[in-house]
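Read through the structures below before going on.
Both of the next two complexes hold chain A, though its partner changes from chain B to chain C.
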Partner chain A sequence: MHSFVYRANAVLTFAVTVLALMCAIASFSDNLNSPSPSADVQVLNINWFQKSTQGNDEVSMTLNISANLQSLFTWNTKQVFVFLAAEYETPQNSLNQVSLWDGIIPSKEHAKFGIHTTNKYRFTDQGSNLRGKQYNLTLHWHVMPKTGKMFADKIVMTGFRLPEEYR
Partner chain B sequence: MDWQGQKLAEQLMQILLVGFAVVAFAAGYALGSFQMMLLIYASGVVITTLITVPNWPFYNRHTLKWLDPREAEKHPKPQIASSSSKKKSNKK
Partner chain C sequence: MGWVGDAVDSVKSLQIRQVISQVVSLGMIVTSALIIWKGLMCITGSESPVVVVLSGSMEPGFKRGDILFLHMSKDPIRAGEIVVFNVDGREIPIVHRVIKVHERQDTGEVDVLTKGDNNFGDDRLLYAQGQLWLQRHHIMGRAVGFLPYVGWVTIIMTEKPIIKYLLIGALGLLVITSKE
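And now, the complex of A and B:
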């Protein structure tokens, strides 16, 4: 008993237990952060709007996305995943979500950004309900911590409307 | 390592590790650096290992004093053979 190996094992196991506890507290400390993110999206142009051969409406638009997500970052944040979704209601589905753009923010320095882009992913409806449709653009984000619980939240921007006619 | 040394080593190990953990967490949180916390704690674990794992001389300050064997023969252990032999015979 109480040999060199026994003591080395005891140090190692206790050290790992304490490390796990530290990580748990670090994860808990994220709750003390109360973020105040802001976001603004403008639809600069509807590039084209048409019915595809399958009969589904599809839109291409130019967007200006600007956001300040710096307050989401704490010492325990590895990265933040953001995506912009168009959300609207159709007779078939009470909620349709179409992801238009996404990005990974690796650090706090990159968390304040403004991007001028066309939609990265296709904005296609299930059917042809998009003419004159009122929709929301929602910026969703997932905060990925170094240890512990992942947080998700969103900012909803309302009052967007698609044109009445194909173009 | 003697009995007192074992107790000391065990207590030192626990106190040092918890102490380093507290310091590492405080420093990491204050500096806003997770990496700093891990570095301080890792060096703390190495220091604790160096202090409590090898059999340093200060763990051997209370050596057990065994009786000289010749002295022990003069004072034989009390015999319990009579009762145990009865039990054995019963079993058989």
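And now, the complex of A and C:
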């Protein structure tokens, strides 16, 4: 009962239990944070708007994305993954979400940003429904913790519309 | 050398009843672990409620050796979610983020494209030949929480199986030679 092995086992079990409890409390402390993020997106230019050889519409645009996500960071935050998705409806699909740009914010200092970029990923439709299409640009973010539960939320910006004709 | 002699003596002097009670208690430990695992599968609704991150394709968020807790609900799959999926014909699950979603009006079926955060291109190269999209039945669960470093135990045991056999052998020896 007092051999080395039993004592080592007891110490190890206790250490693991305490560690697990600390991780749970750290994750719970994230709930106490009430974030107030803000974001703004402008479509500066539609660079081109074509129908690809497979018959799917494709758009290339230049965007100006600015946001302040500093209030999302807590001491338990490892990084915030942020991405901008174009969301729209077509006769065939009730929802289409296409990610146009994403980035990783490693710390609070980088969380207030503004970038000027063309879309990182191709804005492609299933079919050719994009002419004159009204769409939303939604900024989504995922808070990835150092340990525990991950949170996600978004800001929806409405009122964008694609050109009526290909160019 | 005296220790080896003692160990051999204790093995010889075991009585049947003691052996059986040892085996039963070992069986109880293994069975309760199995009950916890299957219970977790029921609660989270996912085939494997816990996975170990094996590659660096989601760095710096998830590093090799982290473990992810999965949950699968009937909620529709949306962009940004981190999902675990199996490609037809491959048994190792992949943990990546959804970047495109196309959901059908009539059936609610969904076409999904994924990409690892640290990869340059999307996952079409990883899908089966000619497959452009994932469907709901490919997806085993959504990642909802994570613990760092804990998965290294599993990685070491899988990549160097000799350590697994050593551990089980040592455990078995411990059980047999203990006097209680």
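Definition applied: the second predicted complex is superposed on the first by the 160 of 167 C-alpha atoms of A that agree within 3 Å, B and C clash if a C-alpha of one lies under 4 Å from a C-alpha of the other, contacts with A are read in each partner's own complex, and residues count from 1 in each chain.
Everything below uses one rule, namely that a residue touches a chain if its C-beta (ideal position, glycine included) is under 8 Å from a C-beta of that chain, and two chains touch if they have at least 3 such contacts.
Computed from a prediction, not measured in an experiment: that's the story for all the values here.
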item: Partner chain in contact with A:146 - chain B first, chain C second, else both or neither; value: both
item: Which superposed partner A:26 touches (first chain B, second chain C, both, neither); value: first
item: Partner chain(s) touched by A:126 [first = chain B, second = chain C, both, neither]; value: second
item: First, second, both or neither for A:163, with chain B first and chain C second; value: neither
item: Partner chain in contact with A:114 - chain B first, chain C second, else both or neither; value: neither
item: Chain B versus chain C as contact partner of A:8, first or second or both or neither; value: first
item: Partner contacting more residues of chain A (chain B vs chain C); value: C
item: Partner chain in contact with A:75 - chain B first, chain C second, else both or neither; value: first
item: Interface residues of chain A shared between complexes with chain B and chain C; value: 146
item: Interfacial residue positions of chain A with respect to chain C in the complex; value: 1, 5, 23, 27, 78-79, 81, 83, 85, 91-99, 102, 104, 106, 121, 126, 140, 142, 144-150, 152, 154
item: Residue ranges of chain B touching chain A (in the complex, touch as defined); value: 1, 6, 9-10, 13-14, 17-18, 21, 24-25, 28-29, 31-34, 37, 41, 45, 48-49, 52-55
item: Contacting residues of chain C [partner chain A, same complex]; value: 60-62, 76, 78-82, 97, 99-105, 108, 111, 117, 122, 143-148, 174, 180
item: In the complex with chain B, residue positions of chain A that touch it; value: 2, 4, 7-8, 10-11, 14-15, 18-19, 21-22, 25-26, 29, 74-76, 146
